[in-house]
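What follows is a pair of complexes built around subunit A, which joins subunit B in one and subunit C in the other.
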Partner chain A sequence: MEGIPPRRALILVLVLVVSSLFSVLASSSSSSPSQDVRILSVERRIDLTSFIVRAFLAFKVENTGASDVSEILIAFSPNEAQHLAIVKASTTAGKRKKKAYLPLDVNPIESPKGPNGAQLFSIALPTPLKSGDTAALEVLYVLTHSQEPFPAEISQSESQYVYYRDSALLLSPYHIKEQRTFIKTPSSKVESYTNVSPNNRVGTELRYGPYHDRSPYSHSPILVHFENNNPFAVVEELTREVEISHWGNVQITEHYKLSHAGAHHKGVFSRVEYQARPSISGVSSFKSLLARLPPRVHSVYYRDEIGNISSSRLRSDSLKSELEIEPRYPLFGGWKTTFVIGYGLPLQDFLFESSDGQHYLNFTFGCPLLETVVDRLTIKVSTLQF
Partner chain B sequence: MAPKPITSPVPVEWYPSLSVLMLSIGLVLTASFFIYEATSSKRSRSLAKEITIGAVSSFFLGFGSLFLLLATGVYV
Partner chain C sequence: MGAIKADPSSKAPISSSPYSFFPFLKALRLKTKQQELLLRASALCLIYVLAFAIRLFSVLRYESMIHEFDPYFNYRTTLFLTRNGALEFWNWFDSESWYPLGRIIGGTLFPGLMVTAAAIYKTLHFLRFAVHIREVCVLTAPFFASNTAIVAYFFGKEVWDSGAGLVAAALIAVCPGYISRSVAGSYDNEGVAIFALLLTFYLFVKAVNTGSLAWALASAFGYFYMVSAWGGYVFIINLLPLYALVLLVTGRYSMRLYVAYNCMYVIGMLLAMQIRFVGFQHVQSGEHMAAMGVFFLMQVFYFLDWVKYLLNDPKQFHAFLRITLTCAISVGALALGVGTASGYISPWTGRFYSLLDPTYAKDHIPIIASVSEHQPTAWSSFMFDFHILLFLFPAGLYFCFKRLSDATIFLVMYGLTSMYFAGVMVRLILVATPAVCLISAIAISATIKNLTSLVRTKSKALQSSVSKGAASLKASAKASFDQALPFQKNGAIALLFGAFYLLSRYAIHCTWVTSEAYSSPSIVLAARGAHGGRVIFDDYREAYFWLRQNTPQDAKIMSWWDYGYQITAMGNRTVIVDNNTWNNTHIATVGRAMSSYEDEAYEIMQSLDVDYVLVVFGGVTGYSSDDINKFLWMVRIGGGVFPVIKEPDYLVNGEYRVDKGAAPKMLNCLMYKLSYHRFGELTTEYGKPPGYDRARGVEIGNKDVKLEYLEEAFTTSNWIVRIYKVKPPKNRW
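For the complex of A and B:
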């Protein structure tokens, strides 16, 4: 160590100190969440009985790290994340008889993303999970446009078959000890499905699993080809206008562009065959839709550019009103229709004054049609102040 | 801390009755104005009386037409 000038020694010491600081920082941030939490068991139930895919997961997670864990991460593949409509999580509190469900906040994490662009969501636990403890979580997520019609074109008298692509192994940032997947199809006509042993099929339910000891982010793609004749109603564009009048009325006007998003209809449409044999002809088409409106609705109208459409029924009770509308023609694959629905509601059900003197409108944001997917929604609210 | 619902300053059920009542009072006052004009001579006319009957009748006709619009569903 002799012969090194003091200035160089000082620089050397500084570099050593800085590099050791960096290494300490790097090691502290490299403790990834996958080392701390382990999923003991997960049961996944995927409901394909409608055009909208609903998946329900029941987790049991264990904290194997040393520190408390306050959030659990769930992952979705980039394709799933693009078609995700809603993610909800809840946990149970209390024993058997007094089970109560607490909703939990689920937030998307912009970065870092998982491998191959997997989208991560963070579920905030109500109380931090201590080391060695287990917790039970339930997650519900809904996917839209995830069933691809195959064959893509069918004639009037054919049934509709669709593809559903998923993974037999749950995509997760954690090590999973045991997992099972149950897929429910609308009917027992399943053309084909991928075999990832052990799996079997019972009636309308496909069972994959149990799979033991899988590493984080493991993935096994499966493809299910099954018959789905439920209505594939998609509202391509919806514009809702809400006019609030302080004289006691809220008037809503909704402009719809509805289409059938299933397998395209090819060939001719024979009205005779459609009406003579409804069980064979037009099984994948739909002719009516149900809209759920608030109770005490008045002045409901249903018209399009030609004029009033009289094929509609309104049934109301004290909790809700149901409007059943039938477009002018049944909708087959690829067919579209546009119409306008308008109705009025009493003001005191929706406009409130809070304790600090502010007025606020408590109104539903989404589309009142049941079992439909809305691609683009615009809502305009205007007040007519006097 | 339940939020207080905001309702109209006038109960909604009164709109048709109020509109009929106010329009009829306004039309009666308008008729009395015209009768006054027709039956009085240039000397016995009083400007103050003309203005008051006109103002009161226009007040009633104005509110009556507002409630008529509200009663028919044009919520202005």
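For the complex of A and C:
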């Protein structure tokens, strides 16, 4: 190492494609919720078909005050705020055929909090809303760890049922004129749900509303108890190591600590049942996971502390590579496993040189596994001293 | 090279013209001797690479992984050594095995292998090669195999000539008897020990040949390395005195032998005492007494020689001789008798006895007899492991006797004794392999040399007195040519072709054996599927990793001792017994639990704090080395300590069976229940009734196995490993 004369110090500026989870950490200037805004109509669709809760809000706001409004606030209950992974907002621009979605900045407001500790987020509008004008906004937010398995322990032959808690009324600092909520469950097996009239259930969908003229911060708790046998795959800890080699290679090593966060497996694990009756035995367990890797990936390996794990398949095309991995054993509720995935990528796909001679690495930040939640992520980037 | 010895008339212009154009070529022109050296060195380099490369089949076929059972312990200890340092390693008390006794690892293992691997690892890291310790461990055995080949070359050169050495190196590089224990991943003591063994022997022979203290000292260090690496050092410490004794008896006693033996013995012994596991055995154990006896005998001999020189009177000397010998022998016998009687000198161990008397273990120590590699060797495995060397070995002995010297006597003794041991125990084929290779190499080298000299003298005779040098050899060859039979040259050529054919068959056989038989890690099993594709059974690691991840950190696993090392190394859980087998009673307790009814077994398991029971079962896949097939040994070992377990209870008319006709105790013992729990519901083969055991080819006798005190916790995808959880005691009211 000492023998290499220090040539030119290359500064690698890492431009990490940061998911919105991390962008929300930047705080913004606080402002008090204005009562000059009211929501004309809101439609909320909550998708519970996986164990990650995806909710989609579409609402229309109206500026009833005299002055212009440059930001709109949305509120989350403290519990939701704790499990909130992503908040994204957009507005539509143009009409009909030329309709385009314009992403908007969403920033949390540290203080003041809403009543009962509600967490407020402000959405910055592209152009201030003039008095009497209306605007249509769409918000997507994702919640993790929001479905609680009940019963907390199940045997191999049982299905997994979970609780989902929410409010029939949208928590909002504004007056809401009309609102509806649709909750989609993975199957029509819904054990129970709270009635907040008017509501009904059609197939796999629960409908709440319409409710009219609710005051700010109205809340009406609901509890849905339903079957959810989707894999509750949680990566408790993920360490990603990105090594940049000047031989034109980026080597990625990812250390996973995976667990099944669903209802804990209780009692006997019977292989004969699991093999013979896969449709009713161990339905909440999962056997394989899919990782989406960048294209042109090479030297992929999948192993753990005691050696190579032979059950994996790699499919590559020019746009993406899909690595299907099977842990050594099927994961039942509460079972854990650890493994390492490593792969190499051509450096020229990710490294860019700007005109001033600096190098930029544009590399994805998150976990390549689909339909999983990462609780703790560490990313280490080792660059080379040139 | 042939061109140089071409027609003398054309020699001059050919040699002059290129050199005048390219003067630097003149510097490159080698003399015959240099050419020979170059050839030899490059052949040795190729052998070195070959010995390493042929052992990599397992890595290519499977992966870079540790094989079998004992290597997992070695790997675990090496890992500990590199992580925690030598001092921690020295004082390591392992509470993860032999629960609740534990094991003092630092004092009960041969550290040579681990220290070697750790040293290689440290060196590589010092050189900035960031390799994982596992790769070092996997490749240690092939690396040492290459080194062994080089030592074999020097040994062969010392005993016979460099040609024999070269052949010996080539033979040992690919000999299956050695490869079986030194493929990549076979990280066992034998891997480095064979190198150490051969090195010690070579250095000792060198010391005897030269009478040099330096070589004797070197051989003492070689011996020290051997002692630190493997228990097989006992072979050295008994072969060397035997050899010295033979030389004494045959009147070949010399000062060279005196220097070599005494220096080697004294320093080697002192060095060996530094190994904690060996300790004072060199002066206290019956197995090492022969070396000490010969040591004293040699002093007496030397003393007598001196007295003989002083007295210079045969009559007086004979009287003195009688008195001294009587005194010396009686003092020696008395010391041995007193030592043995007082318990200072420990008697021979069971393993040693079973070497001298192959039937001993079967009658007295079932735990030694139960290990498959301790079985007497079948002829087929000799053929498998040695191939043509088996026939060349006697021929080589003939050549050795024909040119008797101190070195060849040593080789003959090494060959004969190790051949005997190889016949007693399968695993000792390994020890015999270097000797067989060396002796066969002498046969091959001598034969080919004779044949080629026949072929070449004829051509030389035709050209008449062209080449210079080697006059005496040529003269003798000429003499033999003069009285030769007709067609001698053609016969020699035919024989040469025959020899090359045999040798190439040997090479093909070795490659085939290595690739087919000796490169399986035995952790991962491979089979041919119905469509000819390769099917991998990775059930062992599946189960061990499940244990590692999904059981409490302090869980105690009960299994038959074979899997102990693997469970601690891969599963990272505490085991009751493991492959160290130092405590027969503890193993017998596990054997008793496995062969008892469930309720009795439950009491034993409760007393041992067992949380999980692991059994290996091959009924679904047809994997035959499973626990049901090993079960009779559990009964025997259990019954050896606890007479309540009686072997006949598990047999029907002396026959071991698991089907309907099996003994009732067999059908209800814990092992049977754990192996066949819910197996009766499974159809394993098309056209066979459910519960058809493919490993034994029968329909099982007890299809309705109900467990009361245990529950199935995990079964691997091919059912090879089944893990049961011991239920907590029922509430009393």
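Here is the rule we go by: the second predicted complex is superposed on the first by the 349 of 386 C-alpha atoms of A that agree within 3 Å, B and C clash if a C-alpha of one lies under 4 Å from a C-alpha of the other, contacts with A are read in each partner's own complex, and residues count from 1 in each chain.
Convention: contacts are C-beta pairs under 8 Å (C-beta built on N, C-alpha and C of every residue); 3 or more make two chains touch, one makes a residue touch a chain.
What you see is a predicted model, and the numbers here were worked out from it, not measured in a lab.
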| item | value |
| --- | --- |
| Partner chain in contact with A:G114 - subunit B first, subunit C second, else both or neither | neither |
| First (subunit B), second (subunit C), both or neither touched by A:S355 | first |
| Touched partner set for A:G248, first subunit B, second subunit C, both or neither | first |
| Touched partner set for A:G267, first subunit B, second subunit C, both or neither | second |
| Which of subunit B and subunit C A:G344 touches, first, second, both or neither | first |
| First, second, both or neither for A:P294, with subunit B first and subunit C second | neither |
| Which of subunit B and subunit C A:G282 touches, first, second, both or neither | neither |
| First (subunit B), second (subunit C), both or neither touched by A:Y329 | second |
| Doubly contacted subunit A residues - partners subunit C and subunit B | none |
| Subunit A residues within the subunit C interface of the complex | 1, 267-272, 275-276, 304-311, 328-329, 334-338 |
| Touching residues on subunit B, where the partner in the complex is subunit A | 1, 3-8, 10, 12, 70, 73, 75-76 |
| Residues of subunit A that touch subunit B when the two form their complex | 243, 245-249, 251, 299, 344, 346-349, 351-355, 359-360, 362, 384, 386 |
| Subunit C residues within the subunit A interface of the complex | 63, 65, 128, 524, 536, 538, 541-542, 544-546, 548-550, 570, 678-679, 681-682, 711-717, 719 |
